[in-house]
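Per-chain numbering from 1; labels A, B, C, D and E assigned in written order.
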């Protein structure tokens, strides 16, 4: 027979003010199973807690009901208190006598009556609870970072500096991501290579970091602390141990391929290094365009290679490792504006370029060695029009959201153009200028003072007349139509999630919002975590942002990972679902409904009526189950029950309220 | 067999007279029959829309209802872009929901199912069957005539209503012009508005809209502008002189860019005379260009013929030289063979 | 067994509606606490039963509540999209829509079974929902489903003195009980 | 003595004035015995009711006693006795025979169930012989005379336009003497009632002894759904379960019908179930009907009323089982 | 060859060839036009199989009992095939466990009154939807026009009338659980009524407990019910149970789109165990 102790609290006058605590105590003594009732002025105070502890030990109480404030406030306190007593911390029920009783009802008699009911419910429930113990989950002290851009690299560095092993999986042939493509970075105008390449080499040489370039995640299974990830290292056809990165092969390779890194404004060879400062600074053979691999002719690079590092028979390598935590730093790409904006020529006019193409033009290692020459005829454009929010803030044609960073980098582009073409004229068509960071607005003001002509309005049409690009727009401040004859137009296009993010996220059961960005656990309070425990986000994978914000998030994600990997084992939430295998039909309705994928259907052997039977039953993974209970209702047979809120305890709680 | 219910519109026999004449000419030639909708009424264009939305829907709906009963199964063709826009807008409104259809029925107080479709004349003539017929009937290709195809805005926008060709860069008229041998020019103002009614309302502000169109066409090397809407024709053709006067005053060079209906040029290609097609009653003199280009075409043909002749001659000469060399070689071999034979004989002796 | 037409809708004057509210821990329970913090005032006829998520809400609890003595049932959860467990309230929404129609089909007045999405910040909405529920149920009177509560007309106990029955027993110490 | 049919209703109304008279009738489409009251039309032409009359003696849910714990932990128990004077008018001979079985179970061999006993004493049984039998009736094969129930208090036999009334027990005589104003003396031959369905019970009981493992049970039980219909409509099924509903400090213990067809009937703590499959449960039911009861009380527990044959959703038929048992050769009991 | 002869012949062949271990069909009962389910294991008994207009029982649920012996052959009409699909979709059996002999169903008749059974007048798919072979041709049968006529009838009553109506139903119920045991959707290893520890529903038979059982069963099978009408047919008290099931089906039809369960073998979760973001919002 259970020995229930009821500890009611005055909470000073908060409860006692409108609830006759003694009368409730009297009623409590008459409840079945209750052996000891005590009232206390401040139960949560140290003397109060001591009193409770002694009473429990003295009276041999094995279940506790506390009648204080809301469980959201002090449930952890009572749990810690019970941890020092022989009573299991989960043999506890809290009756909310303050926030939902004394504070909200004026009439003392009615409030007392309600308090009695609440205590009755709590006693009925605690009588049916069973002791719960959290299980331990091992934590593998290794982290996986997907994506080698600035966010991925910063995360990896922070984790590695904390002494944990990190693997970076980068899809491209080198680290650097989008940042390394840029020329200068706002607001300080330091050259992007100068601050990005040192980080890349730091990552490349860090003892705790293994870089897997030209690789992708093949498959993943497992849960927090124990992610089994298979990584496919695509064939590079070059033996990196032998290759010294001398680049002889690149000079001799006959086939010409559009250079994605240079945004299609120049050509590269089939065997190529993305850019001079690439890390790993060794080339890769692009199988699709290599004549040797496609038609079996050529083989020049093998002949020329001083160390014989070329190996045409190379294959993809699959490696599987276990990681404790995973960070998504998969970055972004620019929206493909051509099909969306035929009015800007839809790609017909080569001189209508994107922001990244402009970055390559103005970049010293770019196709034009830093001289701003327009792609059509390599002439220096004397008048440039920059159009902002192309695809952003445009629900009809593009994306509804603002891509955050373009206001700053369009001001930067204008500044760079006016800097490099002193006699040039630069027009910027904008809707709003949003420059909220430190030193941001001052940067924008400098650009305006440099002579950039900011016209508030959208460009409705661009057409070619002669060798000029006529931009028809409006200036809403003077409410006049404006037509600018430009030599070159730069479209600051919207940021959208990187290619292939859908399949990747699906593999990890990470949610994606309507626009395809990875969904954080809570927009304000948990921006770098996801709903899947052990998986974190950093950088533009979670949404459009600029480099400073990405680096901040990288640090945050790293700190979360470090916090997780510091633990040798994880305490799992004990209030999780439990399967009664005798009742389980194995139809998997619970597995479908579980938002955390915590339930799996496994074949198990049972002895039934002296016969051995193997049949499918559900199995709950304590690491993933968050205790929402959706599976308990889906399971018609009632095989699935949620510990802490069992069917029986809720039923009796309902009965207790209805005078049963 | 191409048969359509025709919605003439108010401009058919007035400002758009030559459009109707040339259309009938072409239709007769390619065996396409247009049956006028009996007792059709004005489509209301922008005026009705300004007065009340119900009127803008009801006016066109009445004609469509009559077409539905009297000419069942025939699509309605509206030559003028203005009529086409109004009819389409009313049709799309009625088809949107049962309530709308019910409301329209009440307005026009006639049975109406909104089943007959509405297409523009350009769409009718772009149908594959029509294009084959046109190609077959072409007698005289309008060579070296550079045309700027001007669709105007009502023909292609808004997409939800018109749903015909590409709203930004339509090609159907360009293809027809290429079919009859003309050279369509790639220019940027295909679908730029000509100012329509604003030319009457606010002439001072609206005139530059027309000038821009001429300017872009001229800049891209077009000889003339081809259109399929009487209102655009009116604004371009009739007001070119006025714009030229203003340009001369401003010290700019006047334009000499005549405007045609696309059916007029097709008629020409069928061998029709300018007078038969109504080209003679344009505001801006339109015939000299045609004659000049006809001359150019003839010289071009002559030049081409000459070039072809030249080419044949060269080929013949080349063939002949090869033949001669081959003959010499044969002769040399024969000679060599003979000597061999003599040598053989000497050995034999 | 004849259908007992008990407590026909004559509302006894001292009758107070008894309503149970199944509130999800993360949103509505927080909202209720917030109502308390702001010292809002609402009738005391509603007792809150805490469940982790509205997805945990099993229709069988509602039937048990209506069968065993409640005059009204309130089920509250997070707004769709805010659920702490991501999809809990989406499932609950479908299930409750169907179940509410089924109960009303069987004659239960709509006011007796209400479902509301109340977020952690909507203290005011929680108070209004409670007040509206109490008003609705009070207007409807005691639930007129045949229930088993009165079937056990407790026979008069021979020594049935009420206040003796409720008198407070002295402490029962473990040693005594086992002795 | 004779009771003319015209006097039947007046007799019933007079009886009903002071005692509950239960007559066969149809309520809401269900044929059962219900208390005569306005709005309840007795229907004596009905061959038999779907719900058996055992409900009067052994209701589906019966409150046994109320308990409560008072302040100093002592228990008070108060028995319910809801039995009251009842007359069941129009009970068929087969149902009367089932009451004999129930009496055996509830009153004999030293175990007297006082709830049943109270009800039984206060019950006056007025049986009416059958005039026609349903296709599923096979009472004659089970030793029941369709027009004569030996243990009924008063026996009415249909003689065309009147009933031949014979009192058979002291209680019956007392009752009949009270009906004198409705009766008229004279005698008439009761109409006979032939029962089409016949099975031979000969040797069935002994054969069943050796048929524990015979394949008959396999083929029979396969089609059974294991629902409780047959046991709840059977007049002789008497199994019940005891449970209680408790409130704070008091509660009521009640008993309610239970069916050996439910797996939960024999479910034990720890999950073991001595009769886990349909086969065992089916075998147990028929063995109890045709063998166990015979061994213990010397009479078959099946009265041939045919209700289970009529109402079984899958038409599982005890008469065919009896035929199969008849034609089944028991393998010679092996040596060991 | 009539359907019955084809069934007999095929059953015999299948059993002899060992392709199936048991065959389920109907056999004649003792009384005129009475049929009862028959499960045979050796080919000799194939002769007993019958198929006529009085085969009222659905056979699908017997598959689970005889599955241990091996592949099961059975005759499937429209409702049986939907029941088999239901069992497969609920992962109780696998498609390869059963060999389905399809037969067009002319609509079964009541053996005593000779009128078509209520469930057959309301049947919308009388021909098998899933089968391995067909014994004879499909049968023509008019599909009833208003599937929810009964439900609309009850919905037209006032709330008080409906309360009394359903309370009279729950008063008549004797809790024999025939409706649960015949239903292809009810395949739990231990039904909630037997779970004494949770004590969902008391064992006593009164309106409140019967209502708990009735309502819970509808909510458990509502989104998978194949509308075979067997629960109504087997109920000894003739309770109109389909009025409850069809109400839930009608609501799902209106709220979540065209709903007809058991037509196609699929791994789709049932309607109440999934959701759409665009579901109607009534509780804001």
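One rule holds in what follows: a contact is a pair of C-beta atoms (placed from the backbone, for glycine too) under 8 Å apart; a residue touches a chain by one contact, two chains touch by 3 or more.
What you are looking at is a predicted structure, and each value in this text was computed from that prediction instead of being measured.
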Mutual neighbours - chains that touch subunit C and subunit D alike: A, E
Comparison of A-E and A-C (more C-beta pairs in contact): A-C
Reference subunit B; chain at largest CA-centroid distance: D
Gap in Å, rounded to a whole number, between the CA centres of subunit E and subunit C: 36
Computed distance of Cα centres, subunit D from subunit B, in Å: 98
Between subunit B and subunit E, centroid-to-centroid distance (C-alpha), Å: 67
Whole-Å separation of chain centres (CA-atom averages), subunit A against subunit B: 56
Set of subunit D residues in contact with two or more other chains: 60, 71, 245, 247
For subunit C, residues contacting two or more additional chains: 1, 59-60, 64, 87, 91, 95, 148, 166, 169
In the complex, subunit A residues that touch subunit B: 342-343, 346, 461, 463-466, 470
Subunit E to subunit C touching residues, read off their complex: 151, 154-155, 159-168, 171, 192, 200, 205-209, 211-212, 215-216, 218-219, 222-223, 244, 247-248, 251-252, 255-256, 271-275, 277, 279-284
Subunit D-facing residues of subunit A, complex: 30-32, 582, 608-609, 659-660
Partner subunit E, residues of subunit D touching it in the complex: 28-30, 50-51, 60-61, 135-136, 197, 219, 222-223, 225-229, 231-233, 241, 243, 245, 254, 256-259, 262-264, 267, 278, 311, 313-317, 319-320
Subunit D-facing residues of subunit E, complex: 29-31, 34-39, 57, 61-62, 65-66, 168, 172, 174-178, 180-182, 190, 193-194, 196, 202-206, 233-234, 236-238
